[in-house]
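What follows is a set of structures for review.
In the two complexes that follow, chain A is the common piece, with chain B as its partner first and chain C second.
And now, the complex of A and B:
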């Protein structure tokens, strides 16, 4: 067995040293009644070459996703990933190690996370960054729990344009705590401001709004947060498309108290939905209520700069049931991937990539509307996802796109089960599409 | 080492920038100025070469399983086979959008479906959810399933029993699930004290969360009585799968009466820890709890021979994350199981149990074990007797680094009087006898050093990129970003030896 170095002979020697005559003696404490009396019924072991055939065979039952470019986003975006990142992520030192409990042997992980925190802090204009919660949905739920701890109130207001999976997850996490969850409707593609005035009261712990929202719409966060703060309520901005941070005004400059952001767009593959990563960003005064791990700078004994896990007194391994969260293993490796990605993009790259996403999406929308087959239900500012209504047959549209190696946009009516959106398509456009491809898409869909 | 920020040179690019700038689309005409940042956000300006050198050099400051023994107890730091990584990296998996229509994702669905069958067979459970992203995430999911079960029965139960030896995630997850935690003491055998358990279990209690073998590495031989105590009062038994590496092909939690099981695929199932994730904490349940699983699970239509996402139904606890699971971790797990088969899995557990008992036998005269009995896949020793020389377990751990080993888990588990100054060693099956002999030799050498020249231990480590860290300062003077550091520039006076990097 190639993963077990000790030979049978060596195992015998070891058993002899232990002072037993057989392996069975070592497991005598397992009661006979709970022992497995049969051999596990599993497929036979495969050689490495058979294994490769078997799993490649399964993968081939998927569509050729490398060739298929997605016109769908909805919380998972296909962006270009530079080869330098992919090559660096092959280094075993980053991925065969454990959580950095021993800082002397973990400076690579620790410094890398510190650099990521620094980047996200600059992109969000928030001073404290928790680098890794599993994904945007769980990060939003953790942000809601954090707001409840900070305010000691019992009501949460959610925008109905928060990603449906995020809404579901928040509801699941909050269910045991008897929290009143109120949904804010939307109007013309954006969260309804008037309704917020109506729903907000002294019991409200937090208002949660995604921007760009589920329809890609850029919310008026400044007005929303100002209104929210009138009731000593915290404002949580959720971000599913982190690429937008390159050009859009930073949450910290618009009055957000907590930001829950998926960082999948920063150098992570789609991977059928996971593992991705999300960050939480907040203000300094809230640091003792944040969930999860955070890295800080300090000195070693010789006065050298180094990095450690810090503010640990909040965590489960120390505080047990009084911890701010149960989080232990997170998605640290994806933080390093994002750090490398952001280092490669740099100041100019994040601006230009962010801008070109915006421009390409608007270019496609313009062309589609010009074709006469599409109308836009909303007049709203959006980033790189937009909603249009299609007049023709949806099945034919999807077939045509697939024939041309394109994954169709999201059918919003099917996803959120809302009658009004039967004809609506949510397009996502990233930098991976050229002008020619966007023109071709328009031509295919105008036929 | 320098930060990437300190290597920034204005004007450098690390990525190819767009050529067609779509100048016909004008940002300022489409978005009001107040939605935009007025200045470019400053990150760093470094070339691709700078990035490659920075991270390659930085990577060398980590120690991974590929560098040598990594005997962290309760963490199962086993070798991560390369074929797993290659299979998880297949383009048809990697580029699959999670919201693609079912006919495009038959392969991904088949893999999830077949993995469910395999995990059910290995654990004796009836159905898994692949959604949870980590062990603790799985715990929360499992606890919410248990909660929902009692809500549906109309029973109000508000307490969760947890042994004092449990991982911190257990009580933290129970609290997130809305339960009051009741701690159950361990007995002189290192296992759950049955009298205390019987006393604590009542009709207001959801059940017990148990790791087996437990976190001291001992199999709880009272498991039959435990499950009877819990089930007699209508409770449910939760299995923390952190230590499944001792049980493959030997015993199954499902057969021992566990109702909910979480598995850390990044432990027993060989997927990498990644410096703290991503892993996966899939949850298996007995059939009566299937209606409460997070939605959806993967189904197979016998007529059309197609796989599909099946809605769990109205009793589901809902979603615990976006999308379906940490899919690439599932591919690695699937690959690993197929590469071993039933006999291979058994051999893994057998080898890991022999390894742990070998280390225990060889070291018990030097580091008194918490309990003098055979262990499972890990053993718990203590550094108690070196206290009189002014040596703490921490010093022993740091000294190990000087000899090129990653230290074991220390100070966990911690409960008086049996488990203090603990050193928990888990040498998984991927460690051969020679490696263990080297480790044993060094541990014995350190025990001599502790008596004869304790300063070697208290000043350790000397051969690592940095020496011991000032963790108190990190809280007292928080520097959480490079901008924090810039603000304090004048008072920071680092002794940097490697200024060129």
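And now, the complex of A and C:
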């Protein structure tokens, strides 16, 4: 934020311009009792070099992912970012990529968003993609609202293995709508299929299932969506680890009606939890209920290829309180990052990366189980995250990992899940770990 | 002004028309309304059996540049909707007083037409 100083003379001029005689008169409408009578208690002013010392001292408390490698994922994943992407992202032309009020003036910005839509469409096998929502949690909530508008029903079924933060966000968004939210329990690391039959009824607008789920488990989306469709209910698949799209069957080929997900894994660092990026994808027949807008490809008056912003007519600047969403901005710079990342990987690259993630996670699980200090509570198919129970002291385990420059895995017990998970750890393993490192981790944890 | 208004129809200030036959009102939007909206690309589904009061939203239509609410100028129950419009919304532009009608409403208060305008009043109101 910019600091704009003003002199006493300038203040007088401004007051005169708006027609009041003094600052006191300007703030007359603010009741006396809410005014601060004393001066703000601020520390004495520092010199520039004193200030630098203090700020740098604070900044040095931060650890980065070169110092510490994370074994934690749970919705945000550390993946390698190629130097070429980092170099390209330094180009200033990308930094002001907000969509302007006359969007068609900025053809390059529109094309960038269009390319992102195309990438996500190919990966999800969904024809319509709303790009650049802030994060996966709000994209999931927008998907739920979309389902309510499409079905005019008033019940939403959530898998209990939807990320707990996503669940909270959905509940916050739906609270004013008076929606009946039903939680679907899990069994052996996956959403309980037989329970869905009991919860599903004619009032159900949507069933929301994350896959890979919060425990990394790969859900049987085909069976779940087939069951869901029996009641004219929409099936929403949530994805927190977009890298999984490289090897897992696409949601569009498994019966998903709406897909909401985080695309942080595509070229974005963890950034202390944000900014990230997300997408919402759907079928063509639901296009009029999407939140936000999409970019379309067309021809200009000379017949040349060009891009336009389309389906804007239901946005809040036009429709006010009747808009499909109050979502009013996006993460275009992060869209650009994802485009560069995905173009560097290519079709073969994303497949290979995705497979490496899968294999490395399975390798570490196997080694940990072999050590005898860990057990696996579930026998389930999983992607690059898995749940194991630790037999020893959790505090000692965490200390040992940190001493070896590793961020410990997630302690699942901190979330209020129904079973006892006090001893459970959720490991995330991405391509950043070599086999030697994974063996070293096993050795550290087997002591 | 020949095709801009239809004699014998009733008109609302928000540019809807009603044709009344045997207590049933057929509702559409005027030539002026469709002209203002531009090319209409979508009309939201209207459900038969819906009970509406005068001024309620009957449907929403979307043109390339706007989304607009269509209000019912009469109260009653929707007994028929125009499938032609759902499949081909451009009919609203091409034939606003014919093929482009939206719904037939069984009027619960036939007196309401008295509050609406005649063709000549509407022509004057919109300076057609």
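One rule holds for everything that comes next: the second predicted complex is superposed on the first by the 378 of 447 C-alpha atoms of A that agree within 3 Å, B and C clash if a C-alpha of one lies under 4 Å from a C-alpha of the other, contacts with A are read in each partner's own complex, and residues count from 1 in each chain.
Quick note on the criterion: a contact is a pair of C-beta atoms (placed from the backbone, for glycine too) under 8 Å apart; a residue touches a chain by one contact, two chains touch by 3 or more.
Only a predicted model underlies this, so the values are computations on that prediction, with no experimental measurement involved.
Engineer: Pick one for A:288: touches chain B only (first), chain C only (second), both, or neither.
Structural biologist: In the superposed model, A:288 contacts chain C only, not chain B.
Engineer: For A:347 in the superposed arrangement: first (chain B), second (chain C), both or neither?
Structural biologist: After superposing on A, A:347 lies in contact with chain B but is clear of chain C.
Engineer: Using the superposition on chain A described above, determine whether A:319 touches chain B (first), chain C (second), both, or neither.
Structural biologist: both
Engineer: Considering only the touch criterion stated at the top, classify A:358 as touching first (chain B), second (chain C), both, or neither.
Structural biologist: first
Engineer: If we overlay the two complexes on their shared chain A, which of chain B and chain C does A:88 touch? Say first, second, both or neither.
Structural biologist: Touch status of A:88: first partner only.
Engineer: Between chain C and chain B, which one touches more residues of chain A when both complexes sit on the common chain A?
Structural biologist: B
Engineer: For A:396, using the defined touch cut-off, is the partner it touches chain B, chain C, both, or neither? Pick first, second, both or neither.
Structural biologist: It touches nothing on chain B or chain C.
Engineer: Could you list which residues of chain A make contact with chain B in one structure and with chain C in the other?
Structural biologist: The overlap between the chain B and chain C interfaces on chain A comprises residues 318-319, 322.
Engineer: Could you please specify the touching residues of chain C with respect to chain A in the complex?
Structural biologist: Within the complex, chain C contacts chain A at residues 42, 44, 62-67, 69.
Engineer: Residues of chain A touching chain C in their complex?
Structural biologist: Interface residues on the chain A side: 288, 313-314, 318-319, 322.
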